[in-house]
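The two complexes that follow have chain A in common; it is paired with chain B in the first and with chain C in the second.
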Partner chain A sequence: MMRSRSKGQWALLAGPGASFMLLAFVAPVTILAASSFVDPGKHLTLAYYWRFFTEPQSISTLWNSLRLASYTTVWAVLLAYPLAYAMASLGSGWRNTILIVTILPLTISVVIRSFGWQILLRNGGPINQSLIALGVIDEPLRLIFSETGVVIGLVHVYLPFMVLPLASAIERIDSRLEEAAMILGASAFKRFIYVVLPLSVPGLAAGATLVFTASISAYVTPALLGGEGVQVMPTMVAQQVLTLMDWSFGSAVSVILTVVSLGVLIIHWGTVARFTNWSSRTEAAKK
Partner chain B sequence: MSGPAGRLFLLKLLVAAILLFILSPLIVVIISSFGAASFLYFPPSSYSIRWYHEVFELDGLGDALGNSLLISGIATPLSIVLGTTSALALARYKFAGKSALTAMLLSPLVVPAIVVGIAMLQFFRSIDSLSTLQAMIIAHVAITLPYMVRTVVASLEMEDESMLEAARMLGANAFQSFVFITLPTIRSSVFTGAIFVFIISFDNYAISMFLSDASTTTLPIKMLEFIESRTDPAVAALSSLLIIFSVALLCISTWAVGLKRVARMSGG
Partner chain C sequence: MNTRGITLGLDDGMTQRFRASTDREADLEVRDLVKEYDAFRALDHVDLTVRKGELISLLGPSGCGKTTLLRSIAGLVDPSQGSIRIKGKEILGIAPHQRNVGFVFQSYALFPHMNVRDNVGFGLKMRGEKRSQIGPAVDRALETVKMHHLSHRYPGELSGGQQQRIAIARSIVLNPTLLLLDEPFAALDRALRDHMQMEVKALQRRLGITTLFVTHDQDEALRISDRIAVMNAGRIEQIDSPIGLYQNPRTAFVLNFIGKSNVFSGKILQVGESTTTIDLGGHVIEIPAPANAKLVSGDSAMVSVRPERINANSSPPRAGEMGIPARVSDAVFLGGMMELYLRSGISEQPIVISRQGDDPSSVQEGSEMWLSWQPGDVITFPAATLGAK
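Moving on, here comes the complex of A and B:
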């Protein structure tokens, strides 16, 4: 490449972006993290972390976050598989339709989407009314301002993150493997369990990691669809900082949230992603 | 029902149901916006387009829209320039600390938005010389930059190196080979990246919410205020207009680079 004659060029190109990010992003986040270790008397302390891990309310908030992110991930997997499988097997018309419908909500503000869910899920809304009309329930279900509402909203927001990696993993599966299984007499169910499912694990893992980290970090959806009743880590951060003005404790909660979310990513990079990178490299080497 | 045809039918039915789930909150907002009653019902009992006239009377909408267009309009070109130059450095050169630089440029993708929001609030409060508007523009550039970097790096990796080699042998200088070879290669990704950057900035709520004050309220913040304070379908009409705007932008970017690359760009 142009390396030989252009020693300083990279610095010239990278300089503006790098220094901007250092000042506008790295500095604020580092200062915030640092302030969680300092008490009002400017002494180093772990008191805010001690408080978090000994306060039952904080622990239950962390547990809420982990639980809701897990539910969201499981539902996203269940809804994404049919879509991804259909994209690979139903022809280009279906493929493009699924792709467009999946991407479209990504370009629409989460405020508008939550507004739509508020209309759908409220007590007098169409879901509760039809369930009552059908005689399934007598009293409207508490769909909004509840954990159910938050999970529905989160699944809707982060489903594309699951569908897209899963679809590309399923599309990469050699169709002759499924044919061979069929010729050998495997039923559609067995073909899915023994061929498609194991070979789609890299896409599944990548998607699940993205959905989990994104939904545990989400603030807007829990705030709009969960209301006061559902406390998760991001809403706790906002409450500590904006309502209670407790910046130090808020910063400690921020650090814990970031560490949990990053931790999941790092575990993914260290295990499944490393293995799949390795297997795709050997595939490339064969070609 | 059994056999391959029956199973295919079931799969199609299931897919149609999931697609309906994805579209339902948008469809509901659009249908409710045509309700004639002054309280938002779904489905409406009678239809009218009166709320589309009312949209323009919403108090403070003009200012919020102006602020949003100003912030996203300034942040997008800044993100394009910083993102493209950084991407060129990452894709073209080998240097010490390259992976650290990559990690730093992409880090806003892995830090929760709420954490970025309060970190920037704390930081910009301590710097008196910046106005709220300037702080918001800087924040929007920072959170959109990773998307730009990722998109342009991906397109540069597809660039034909032998073309650059040929240009150099024929005596082209760095500027000429950039204009005649690199620019045509990355043009469409820069364009689509810019559309995504604009959308991400324009739709941002979590970070703007922390940084804005009364005079710099953005459209998503104002919309949430309307949703919480009004019970008529005017907000639904406004939301419908914004949905149409997003569909138009998605069509333009699909037309520019194709569906497959738009999907790759949006898929984390």
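Moving on, here comes the complex of A and C:
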């Protein structure tokens, strides 16, 4: 639907924001990409990419990033669904309470939260102490400076970005669809599987995109909670550029990270489009 | 016409129960049903019996409890007290899908992400039927509603009328004892609505499926129902055939809700053996007595006559005949009939008269006419019941 303004007027309205976003994205990426193909002697080269893909440590860093971002996304989905479902189904009082609990951590800097997690997760910290006191474990779990710690930290940071789109998608589902399914014999579990889940796919897709891209490019959380032991792509870039002053290799790593996350997104959206085929057909029929 | 309303000294529900037990077997019996939301009583001791194969409308203004009653029967609302039986078996406390009722929502509530076949087959799938059995059953249901050719469309690709047929097919494929429809025609435009009403009625007759149908539209209720239950403020005011309700409303609410009527207030002069006389603004009229309400001489009474039952003569009455003088204020052409609006000393509101096949230009605005009617066409209530409305 087009409101009563010409395309030119809309372009004028959208112009400033769009060009800011585009400039701030295109300029550094162009500079980065360019410098990744140039060696210190100003010659064009593919040596930095060759180095990345032949160095076992680099490859394992890429896998670390993909794995941690995937774990984070999966855990965020698992934690967000019940939250979002409750938010969409409860009255506005409870809804707002859940909303505040979910959003409140966003007001605190990721750096501060990461130090908070360091205190909670360390060997002598409250989580390990209580687990030992309860007799669940004998030795403290390695929760910090490990992948577990990074995933815990990332889920905590990015969960709101999963909950909010999911809740808004579930809220848009007509409650009578669930009633209809109930009368037709669907149990609560089947109503979720056959009605709520497929109809919330757009929200799920939006949330998963946000969480995956944000966590694969996160720097602070892996640096503070992963430590030396957990190398990911952003920490590798920082190390190359800040510590080793190797701008060209750092740029190549950045470009690879960008391309890989774009690739994952394209596969992701392709899958989602297949699941929401009905939606595009419905939209087309309205025209 | 008031001879049909035999007063047995029973309340509506008990009269209904008495009648039901003498008729065909009952598919649905609602007894003393109450639903309270905090301080609000949505259902106030409702009794209702629906016989096998019958189509009954629950008719009333919004907030009268008709949808709450329907949803209670379907199991979407838990009543506070009372009993609901389907084929003699108590269903309160039983899960919705075990009640064997079909429910068609006002918005149809088709699953937008499933095509027509999957929507219609959903109930069978949930029952764990085999694929080989679901297919033919879905085909039969789609043929019943003449939608077989669109079986691979998504609901969003269908018109309102087509969606409604799919919603009905999705219900009847499970062979429900009872089909419940919640304002099923409200979302359709006028022409389509008339068509779908007749189609649903024909389908209901053909399948012989016992049907309960909620509407706020009296025309719709009159068009398709075997009987109508008129609801008001959580109660069923009266249950009767459309013509029974029109000719014999038992309460002022039913009178006003079903069809147009002219209402005058008068004073009861004398309650006699065979006739009662009432003073209507200086004109003494007679009605058959006792009427359907307890009239006491000296009390105020509410007197009503339907528009098509009033005669308007352009010449004054002869001695001894009825003739209330009135002046024409408007004449409205309505296609097959016309309506005359007249001012008279017996009421503050204009009096409406409808005439078949007349030409409005034959009536002069401002001309004087004399109104009369047959005593049997008068509907009378004690004035107190009017106040209670």
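Throughout what follows, the second predicted complex is superposed on the first by the 232 of 287 C-alpha atoms of A that agree within 3 Å, B and C clash if a C-alpha of one lies under 4 Å from a C-alpha of the other, contacts with A are read in each partner's own complex, and residues count from 1 in each chain.
Convention: contacts are C-beta pairs under 8 Å (C-beta built on N, C-alpha and C of every residue); 3 or more make two chains touch, one makes a residue touch a chain.
This is a predicted model, so every value here is computed, not measured.
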{"item": "Contacts of A:217 with chain B and chain C, given as first, second, both or neither", "value": "first"}
{"item": "First (chain B), second (chain C), both or neither touched by A:111", "value": "first"}
{"item": "Which superposed partner A:185 touches (first chain B, second chain C, both, neither)", "value": "second"}
{"item": "Which of chain B and chain C A:34 touches, first, second, both or neither", "value": "neither"}
{"item": "Partner touching more residues of chain A, whether chain B or chain C", "value": "B"}
{"item": "Which of chain B and chain C A:193 touches, first, second, both or neither", "value": "neither"}
{"item": "Which of chain B and chain C A:46 touches, first, second, both or neither", "value": "neither"}
{"item": "Chain B versus chain C as contact partner of A:174, first or second or both or neither", "value": "second"}
{"item": "Chain B contact footprint on chain A (complex, rising order)", "value": "1-3, 6, 9-11, 13-14, 16-18, 20-22, 24-29, 31-32, 35, 79, 82-83, 85-86, 89-90, 94, 96-120, 125-126, 156, 159-161, 164-165, 188, 210, 213-214, 216-217, 219-220, 224, 234, 237-238, 241-242, 247, 250-251, 254, 257-258, 261-262, 265"}
{"item": "For the chain B and chain A complex, residues of the former touching the latter", "value": "4, 7-8, 11-12, 14-15, 18-19, 21-29, 32, 40, 42-43, 81-83, 85-86, 88-90, 92-95, 101, 104-105, 107-108, 110-124, 138-139, 141-142, 145, 149, 161, 164, 168, 174, 199, 202-203, 205-206, 210, 220, 223-224, 227, 235-236, 239, 242-243, 246-247, 249-250, 254, 259, 262-264, 266-268"}
{"item": "Of all residues in chain C, those that touch chain A in their complex", "value": "74-76, 96-97, 101-103, 105, 107, 109-115, 122-123, 126-127, 154-157, 170, 174"}
{"item": "Chain A residues touching chain C - in the complex, by the definition given at the top", "value": "174, 176-177, 179-186, 190, 194-195, 198-199, 276, 278-279, 281-283, 285-286"}
